[in-house]
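Supplied in structure tokens, the structure appears directly below.
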Amino acid sequence: MKLLVTEDYETLSQITADIVLMKWAESRRVNLALTAGSSPKRAYEILAERLKQVSFDQSLAHFYNFDEITLKGQEYGMTMQALTKELFEPLGIEEENIEVLDVQNYQDYDRQIAEDGGLDLVLMGIGGDGHFCGNLPDFTSFDFGVYRVPIEQDDELYKLIDESSPHEPGEEMVTFGAQTVLAAKELVLIANGEKKAAIIKQALEGPITEDVPASVLRLHPNLTVILDREAASLLD
Amino acid sequence: MKLLVTEDYETLSQITADIVLMKWAESRRVNLALTAGSSPKRAYEILAERLKQVSFDQSLAHFYNFDEITLKGQEYGMTMQALTKELFEPLGIEEENIEVLDVQNYQDYDRQIAEDGGLDLVLMGIGGDGHFCGNLPDFTSFDFGVYRVPIEQDDELYKLIDESSPHEPGEEMVTFGAQTVLAAKELVLIANGEKKAAIIKQALEGPITEDVPASVLRLHPNLTVILDREAASLLD
Amino acid sequence: MKLLVTEDYETLSQITADIVLMKWAESRRVNLALTAGSSPKRAYEILAERLKQVSFDQSLAHFYNFDEITLKGQEYGMTMQALTKELFEPLGIEEENIEVLDVQNYQDYDRQIAEDGGLDLVLMGIGGDGHFCGNLPDFTSFDFGVYRVPIEQDDELYKLIDESSPHEPGEEMVTFGAQTVLAAKELVLIANGEKKAAIIKQALEGPITEDVPASVLRLHPNLTVILDREAASLLD
Amino acid sequence: MKLLVTEDYETLSQITADIVLMKWAESRRVNLALTAGSSPKRAYEILAERLKQVSFDQSLAHFYNFDEITLKGQEYGMTMQALTKELFEPLGIEEENIEVLDVQNYQDYDRQIAEDGGLDLVLMGIGGDGHFCGNLPDFTSFDFGVYRVPIEQDDELYKLIDESSPHEPGEEMVTFGAQTVLAAKELVLIANGEKKAAIIKQALEGPITEDVPASVLRLHPNLTVILDREAASLLD
């Protein structure tokens, strides 16, 4: 594990932006699964600035959403809506470079990734409960490839979605499992802020267990963890 | 996971020999941790034949013993004795290319491997109990780097050693843990024979659990599993 | 450069077959450009035997012909006819895994390779004149990607083709240039027999020059050269 | 070739700094050959700032000077003096992480690099005459590994050194040749300013020739070129 602790969120975001930029600029097809959410927000803003300042062949990178949650009456689910708003539109990513995971195709998706040449980079955040992608402690198995989780109205997950989306939650989630993520060539995990300090300590220094799903990422031979000082504050 | 099922042990051994040969012949330093034991026996014989038929620069490969068990009154432990007899002597590997792990240096060994540039290849067998390297179900944690296990006279491990060595077991074992092994660039797992069929099924198709230590190897992005038909006979 | 000198052509062929086999068995898409011709003949026979003895997922490898020579009145050119006979048919490679380079698509081909994820392995022989792929001393430029060469009836090339094919030569050749080949992740060059000894000496120990096209291959960071003793006999 | 054209030198420098930072932070030994001179000046300043803002294990990276010019009466040559001032001291690189190339050890240096595991990254500028490292048009051969060039008082090189150093030029230069540089896993070439526009055009779009030494870098499968708008202004 490559661990970088930055003084502040801005530095974390600059480094993260440049990691994505350099992969994006590869001279052959690369497959990138980049997270939506609060952690990479500033990195994507910097990336948008970079795109104004840097010319390169943008056409060889393909972008994958690594999980999806259906929303009632919506064509696209929660993740694709977020990625579209936070990443694809501001960065001008063409539709032909976006590979959509959804409840229809999830069963063939590991195969599809293999046929596409494998994932080159997965950029993830970590949840306060230790989840990465859609792997929540309640149902994570390190043995899963891409899989489906039904959502019931009295689930924690339902409430979580309900709070964070203007749309009513649908009935299912699909997500890359540990097998899918750890098969990628390179993983980057970012976390910032005091509220992530406790779970970062568990994920990086506690036992590797399905109860703290992100703990399994430490087993990958090419994992980079970038934390700001606050998120790292409880580490030994 | 790259899975190859061979018709017989001979074919498995030829392929394994060539995998090792091609790494050995790299034009820059490579670090190889190769197992002793019955599974690679024929592969090493073929490799010895290859060395008579193929000239290449043999000096850039370094060989690591991935575990060690002390033996009473013996300078070298059980693994180094076995590797010396089965691999180092028949293949003429120079002492300066052998990096010895033992009970004295095990605490610094993960660091040493990092300073040496990391492991390029780990070739392993699998025990009937699912162990890889010295990671037995009784004490495996996926969280361990190189670690030490005390051996008590009434342990299973003690009996196992006692049966397989002409020397009396010593008091400790050291071994690469899951963290050390999964940090390598490439893993190869070989198994042959009917007696391995049940554990292979568990390790490759059962849950990833510390109770079947080798199950964790499936999480590595660059794992090759080579089985003969018998060892693969229970797989789906 | 990784140099292996084998006692005989059989050993060279076994090693070459296993290199191709292990790439073919990758668990993600791989792109292989394998030569036709006399040098790999035995390797492909061994590979055909291997396919009877070894089960693996064969569907993720794609095969590229790295040059093509049109033939009068023939749908397929000289290289595709040879590869079909020597490689694709005996090894049961499906049409959907064959990526055909021809005079129609050669101008977009470097782009196509990039979109396919780049070449993972190029296996080449060497001509008595130092050519690799279709790069003959008369018209090689290290600066070329995939390019086209017109064939005139009084050319050396015309005569060469005329002698080696039952069909009348057409009017053009297309071939991967040095840029295309050296952009691959891994190169393997094989040569056997006394008749290759002089050109091997020039290509490996003489100046890097367009007059000996294969000399440029030495610049690749991941080149393996496998020679039998005779082909290596003039090397220092 | 991965080509990035930045709006200005500042952006070029930020990206370059982050490329070096991410290699430096690897969790296993990495070998870096970074240029001195005007092109990376700002990148190293940014890197110095990064080191104040980012904590990581700095101890696994080793730094190589890729050429050296002796100076009369000086212990260290021109390159080591420049690197010490511009890179090693401001960035606090420990002596034990610096691998010095000089006129005494140059003949064994390619071997030493191989034993060290090969170069992971070479960061270069380009001279107005097309030179990279110490490969000037007058004496470049693509066939050279690390080599020595005598310096005569009426040479162009003598005058060049004399103008750019407060010390009197010595009698020899040693430098990584094309073979050494192209054997590295990754190359980065940076250039900024109008004065580099003409040579960048030649190096990237002209013939690959020893008369424009840097033209050979295009043959490397993992080359990144980063230019500011001015240096790129003559490219097609």
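Chains here go by letter, A, B, C and D, matching the order in which they are written, and residues are numbered from 1 within each.
Throughout what follows, a residue touches a chain if its C-beta (ideal position, glycine included) is under 8 Å from a C-beta of that chain, and two chains touch if they have at least 3 such contacts.
For clarity, every value in this text was computed on a predicted model and none was experimentally measured.
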item: Contact network partition after chain C is left out of the picture; value: one piece
item: Chain-contact steps, minimal, separating chain C from chain A; value: 1
item: Between the pairs A-B and A-D, the one where more C-beta pairs touch; value: A-D
item: Interchain centroid distance [CA atoms averaged], chain A/chain D, Å; value: 36
item: Centroid distance [mean C-alpha coordinates] between chain D and chain B, Å; value: 41
item: Junction residues of chain B - those touching two or more other chains; value: 27, 183
item: Touching residues (chain side chain A, partner chain C) in the complex; value: 27-29, 60, 113-118, 183
item: Residues of chain A defined as touching chain D within the complex; value: 1-8, 11, 14-15, 18-19, 21-22, 25-27, 50, 52-57, 224
item: Complex contacts: residues of chain A adjacent to chain B; value: 141-143, 178-179, 182-185, 206-208, 215-216, 218-222
